[in-house]
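As written, the chains take the letters A, B, C, D and E, and residue 1 is the first residue of each chain.
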Amino acid sequence: MNNEFEPKILAFVCNWCTYAGADLTGTSRIKYASNVKIVRFPCTGRIDFMLLLKAFANGSDGVIVSGCHPNDCHYTSGNFHARRRWMLFRSLLDFMGIDIRRIQFSWVSAAEGAKWADIVNETVASIRELGPYTEYRKAADFLADNEAELAKEMEVNNG
Amino acid sequence: MERKYISHNSLMNWLTQLNNEGNQIYAPVAKGNKTDYKHITSVEEISMDHIQTTQSAKAVAFPRTEKLFSYTKKNGDVTLQNFDTTTIPETVVFGIHPCDAAGFKPLSGIFNWDTPDLPFNERMKRTTLIAVSCTQCDEFCFCTSVNGSPGNTTGSDILLTPIKDGYLAEIITEKGKSLVDKHSSFFEADPNVNKEEYLAQVPVQFSLEELNKKISNMFESPVWKQQSERCLGCGACAYVCPTCACFDIQEDAHGSSGNRLRCWDACGFSLFTMHTSGHNPREMQSQRWRQRLLHKFSYMPERISVRGCTGCGRCSRACPVDMNIAEHLTEIAAL
Amino acid sequence: MSKIGVFVCHCGENISATVDCEKVAEEASKITGVEVSVDYKYMCSDPGQTMIKEAIKEKGLTGVVVAACSPRMHEPTFRKACSEAGLNPYMCEMTNLREHCSWVHEKGDQTTEKAIDLVRMLVEKTKLNKPLSSIKVPIHKKALVIGGGIAGIQSSLDIANAGHQVILVEKDPSIGGHMSQLSETFPTLDCSQCILTPRMVEVAQHPNITLYTYAELEKLEGFIGNFKATIRLKAKSVDPKLCTGCGVCYSKCPTKKIPSEFNEGLGLRTAIYTPFPQAVPNKPVIDKTNCTYYTKGKCKVCQKVCPTGAIDFDRPDEFITEDIGAVVTATGFNVLKPDFFPEYGYGKYKDVITGLQFERLASASGPTLGAIRRPSDGTEPKKIVFIACAGSRDPAKGLPYCSKICCMYTAKHAMLYQHKVHDGESYVFYMDIRAAGKNYEEFVRRAIEDDGVNYVRGRVARVYEKDGKLIVKGVDTLLGGKPVEIEADMVVLASAGVASHGAEELAQKMHISYDPYKFFAEAHPKLKPVETNTAGIFLCGACQAPKDIPETVGMASGAAAKVIGLFSNSELTREPVVAVVNRIASHEVSTCVGCFLCETACPYQAIVHEEIKNRAGEVIKTVAQVNPGLCQGCGTCVSFCRSKSIDIQGFSNEQMYAEVMAVLEA
Amino acid sequence: MDELRNKAKEMFDKGEIDIFIGYEEGTRNPRPLFANNADETQKLVFNDKCTGNLAVYLTRKDLVKGKKVGISASYYALKSIAQLFVENQLKEENLKVFGLSSDGQIRTLNSLEEIKQYLKDTPPPPKVEDDELIKQIDAMSSAERWAFWSDELSKCFKCYACRAACPMCYCTKCIVEVNRPQWIQPWASTLGNMEWQINRVMHMAGRCSDCGSCGTACPIGIPIHLLTHKMSETVKANFGDPNDKGNVLSTFKPEDKESFIL
Amino acid sequence: MEIGFYPGCSLKGTSSEYAQSTLALAKAFDIKLKEITDWNCCGATAAHNLNHELAMALPARVLALAEKDGMTEIVVPCAACYNRLTVTQHELNQDKELKNKVSEILKMPLSGNLQILNVMQFIDKYIADKIEEKVVKPFDRKVVCYYGCLLVRPQNILKFDRLEDPQSMDILMERIGANSMDWGYKTECCGAGFSVSRTDIVAKLSGKIVKDASDRGAEAIIVACPMCQSNLDMRRPQINSYLQMNIQTPVMYITQAIGLAVGLSKEEVGLKKLFVAPTFA
């Protein structure tokens, strides 16, 4: 067993393009890192920004969000809505110091099996480089176990 | 009650000493234009220029979020880890004002009303309150209208009143006495001063007697609606209040383990009384405002014989729309 | 309490070669709420499915997770199996251990760990699944066909012949469309009108077709199976019931010098007119913008001469409303506006004409009775230049697409010219010859080889007049880019086909999408060519993109088949993956505050306003409501709703949240 | 001041309004006043110290339902009012609006159109201090920004004064009160507090009038208005001024430009 | 009124009469054109074949200098300069990264909000309204307007006039009393790229232009580009020898034509500098 850090990554993808694209990666037997687990959504428009934060809070070190290319959305415009949402969300997170390098957005069509493998591999490599996202998790682990932690919390509470 | 003198330097040394002995010291620390209690590591951090800290010190015994117990589920069995009292540190709170110290009494009344509350009582047991009398006040202060005063000793373990270069120290409780006795070298003899001369002059704004007489019988009064019109329904007043003790119980669940948390809640929130059925007995802001005042000035005195207000004025200062409680009480007293 | 069954498939060795399926099943059995967890060689096989069915019955499972291949492949299979065993099919979920795991990772603990995680995620989601039933929508079995060109005619006839009612709406006074203007048709050179007019007559006489000419769609509301169409019947000023079509009126009309639309401005018509002799219906209308009575207040000659008293000047536009189950859009195309080619001098030089004008010149029913004559002086052009791709395939002018029909009709034009002007010389400037179609290439070769048309591969830069000749400056790229100048008598532009005027407005009325060139967008470029993104609205013909007659007719029949298929059921069944606004008992029965921003986000206009009333009938609040007939289940509204008052069945907030949180437990 | 009092009184006398929402002198600063009759209008004041966003009361059914309302509105309150119209929360015939021009003149705005025109013609009051603070935060490293905001937000005790003071937070059930699923930890803790603010700001995107009432309302003085201000700037920079239909996240342009999606 | 002015190299050399007539025309309408301080080469023809950043930086410096001078609007008579400056500003506004980079190279801020006007746009905006009332000597001649290649291309960026059949000069000429004729060579190539290296090609290409103008009886060819002018005018001997003809149709700048019409003298508009002298003025 090597000791290299294995990042945990969740991928939020739409059913019609990227999920199918990842299916194609499979049928083409293109190998990629096993760190990524796919969550299937009907459309990128469906992906709630809170789910990205929840993923981080619960131990993900990175998140991939992927859907149909612009103009290819199965629902005509879900990805356009999503794109706006990510533009604002991303800049807000950046302003708050949340590490946006850990969120990789992409458009992967049903025909881009190889692109999917590339995106996964590149993301895994870059997150491996960044290391585990402990800062965020630490903030999430409020009241972890003991009284000392609570005292610290009380301190900031009253600071 | 014992009276002593302590110079400013000695006071600082004493606090340093207490800190070195492993007590957690909370004291007012200024940041920007706000001052609030903070766990200090050095007496340098202490600031006493404020009239009132933004928040009361109640979090020392009633933290905004507190883990009551935790659990783990495994193969259908549940294991509980109870509230562990042994890890609560010895705590000294320095620099609270008499109105804040007085707040611990109603708090204690609530937490011991029926079943004694273990976390609260255990924290209180390990907490010593060193209060400082007020030498200044502002237009929001009204302790004198609710039977308090800038030099009131109720609730404090030790009350310091600033005089010349030092303080008159009134040692009120056994807890206070033991803390002083342990370090008696810092203290000098009773300075024999008239304490009143050094205190702030807080004008009486309304007659408590009149208020008491009226408030219990005015559940149906139109005044509540009129007073509460501008109230936005946030929880700022309750959260800064030294006596507000409402809490909610929440589940911090992580798969098969989790924590049961107690966290602050406020009767001003519209959902505070919302039933699962969708029915809300306090549907209107006016009803919630009435609840807030009646609870403090009618229900609490009736049930636990203590008023839920110490006249600190924090709620008025914190209110985004200037719901000045003293002004409203004055209005009621004059009805 | 959930009782979930987990069924791990080996897929032969496809999964088990890299994933330890037994271990996956074993680990899954430890998850809270999992009642049974097994692995098997082929879950989709009959014994595999039986295993699932028996487990449902014996263990009383409340949910099933099949860990196998992609749900895009076998989800229907397993949902059906569950349904057969009495479990609501939507309580069954699949997780993809094959395409997303075993096929893309190496054998090893990590791969098996991932498989376990994937199962855990779906188990947590499935625990929160709710039984759903498919949505049934009733259908009005009446079709609306918009556009009476060959596409609309074919579609109407096909639907009507299947026994359904059709309402055909045409904006001009006659049906027939562009096809009625054509002379001969490629690649057979048979006469366009000869093959079209019988179809037009059939439409007029068909008992199942209601024809509204000189009419336009005003408004379309509702959704598949349940549209409500409002149609504007423009005032014809002639009562069709009284008119016998005798034609006295237009022979006497004093306003005679109006350029004829049918003849593309090369001929004239009167103010009261039928567009062409074979028009259907063959009854005149008055063109109000040119009629002296309407413009100056006096004349009424037609009224005086009409033997049946059919002229009615005061009749206003009428509106009728029809309940419709499906719409076929067949609004066709237009050719590019003349001012698009200042460099070719269209509009400036009379002898520069469009292909459609050439059709009228070549047509036996045209203004010259089929003789090719210069509009300027009526002489026979001895040298003629055809410019292909006039506008098409020109990104600089904003039309990067190929108009598809021009190569063929240009070859036809050149051929017709050579047949009619035996000593004439013809040139075709082209970029590529696109003659893909049965007998098309042969047709072009005939033009070049048998009829001696000169094909020059190159673009024309400019046409200008000098000494009564049109100087065509171009380049011959096959001669190494040699500049070519031809002194022509006539120039014919194969003008690009563009979306019909008003296409955008119509698309917005119907809420269908369109491409940047205002052609209507098909739902899928390959697999749904006649559907639009709005269920129940279909497309055919050149309103989708320029296309020739055979393709148009084929597409029209395709659209008709879709309509007939839809009408073959009395109800429509839809997947219940749709959004729902909560109406739980709190906050005055919905947490929705009625900001209706979801309404603007919804691509399908599926959000409607619902008024919640109290017992006294007073409106307490107005909230959003989802029309399940229109909702396609994208869920954009769900993630957009601030108070989370709207949720989507099958991918609900709780389900997706649980799926994400499940990873933590690993 | 007399002008406003007279106008409000006149409207009561003519029966044009049932309630007037304005400001009166408060303990330290002007505070909201609800005049229910002509006499009470004589307490009204309106000056540049009247900064609280009174539009917040327009969605308070217990105050205004079924009533014709007059309101004195700051620049930002006008913006909020315009947005509330877009969101179907106000009826034009029930509202009389007064705005304060920069020259201290009181202007009557009789319709939504006039409000929009006024907003179009009037530049927003400058936010020198906020812009400076944002510049400082922008200049920090990502880790410093994280430290700054996690420290600031760790102080939050979730009194929701920011929400209560905001005219656009009119949901009857806020997302923090939704518990299936529990999107946001409802108790006060650093992360839960951050999640709450992230949600609040995302929900404000394209709707926020940028009045800063959230920050002013915060009893602890956390500069949360910088988040909404930054968001407003981001929205403006990326998508321009909002149009009448929908909002920035419920509409889109195919040509929206970003550089981070692979 | 004062507006920025960018002459570029041509207007300081071979076509000083273009500068002279433009300035005189502006002055006649009480407009002062102020030369940009320390302007440099726009980089036309050569730079963008060599190095993209350089091709951006050269015109960008001019733009930055104009902004530094406090100008919001500049007039650029030379079609090549106009083309380079406009295209550069557009491209930099599209690509913020490149803009920052260029700004760094220049060590000057660059807002990219400058209004860049060619002569027709300048006349349209500031002069056209008053032109009819100012005309004292109508230019009642048959003319053809020659636009050349750069003035209208690339159209999606310049957004000036119609690409294939531009009209702006024709309209202006009609307004000062000329008969602006239809002809075939409005935007044909004059061979400018070869104006030094291959004069034989210039003679051939420009020859066709001059011949069509002459065939149609034009009394002048009106231009708005120094390269066009010098090819059609200065190279006339070669053109004539190529055509085996003796065409004496003069090639005038539009500013000269308008200048004469509003009463400026031959000297004021620099008519003397033309190689083929107009017989009518």
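In this text, a contact is a pair of C-beta atoms (placed from the backbone, for glycine too) under 8 Å apart; a residue touches a chain by one contact, two chains touch by 3 or more.
The shown structure was predicted, so the numbers you read here are calculated from the model rather than taken from an experiment.
Chains that touch both subunit A and subunit E: C.
Graph distance from subunit D to subunit E, where chains that touch are one step apart, equals 2.
With respect to subunit C, maximal separation of chain centres occurs for B (centres as means of Cα atoms).
Looking at which of C-D and B-D shares more C-beta pairs in contact, the answer is the pair B-D.
With centres computed as the average of Cα coordinates, no chain lies farther from subunit D than E.
The mean-CA centres of subunit B and subunit E are about 81 angstrom from one another, to the nearest whole unit.
Per-chain CA centroids place subunit A at a distance of 37 Å from subunit C.
Centroid to centroid, with C-alpha atoms defining each point, subunit A and subunit D lie 32 Å apart.
The geometric centre of subunit A is 44 Å away from that of subunit B, both derived from CA atoms. Shared contact sites, meaning residues of subunit E that touch two or more other chains, are absent.
Contacts with at least two other chains are made by residues 49, 54, 58, 77, 81, 85, 142-143, 153, 157, 159 of subunit A.
Residue numbers of subunit C whose C-beta contacts span two or more other chains: 586-587, 601, 640, 653, 657, 661, 664. Listing the residues of subunit D that touch subunit C in their complex gives 87-89, 170-175, 178, 180-181, 183, 203, 245-247, 249-251. By the touch rule above, subunit E contacts subunit C in their complex via residues 155-156, 162-165, 182-184, 188, 212, 215-216. If you check the complex, the residues on subunit B that touch subunit C are 73, 75, 254-256, 274, 276-278.
Those residues of subunit B that touch subunit D in the complex are listed here as 32-34, 36, 54-55, 64-65, 139-140, 229-230, 232-236, 238-240, 248, 250, 252, 261, 263-264, 266, 269-271, 284-286, 316-318, 320-322, 324, 327. Those residues of subunit A that touch subunit D in the complex are listed here as 49-50, 53-54, 57, 70-71, 77, 80-81, 83-99, 104-107, 119, 135-136, 139-140, 142-143, 153, 156-157, 159.
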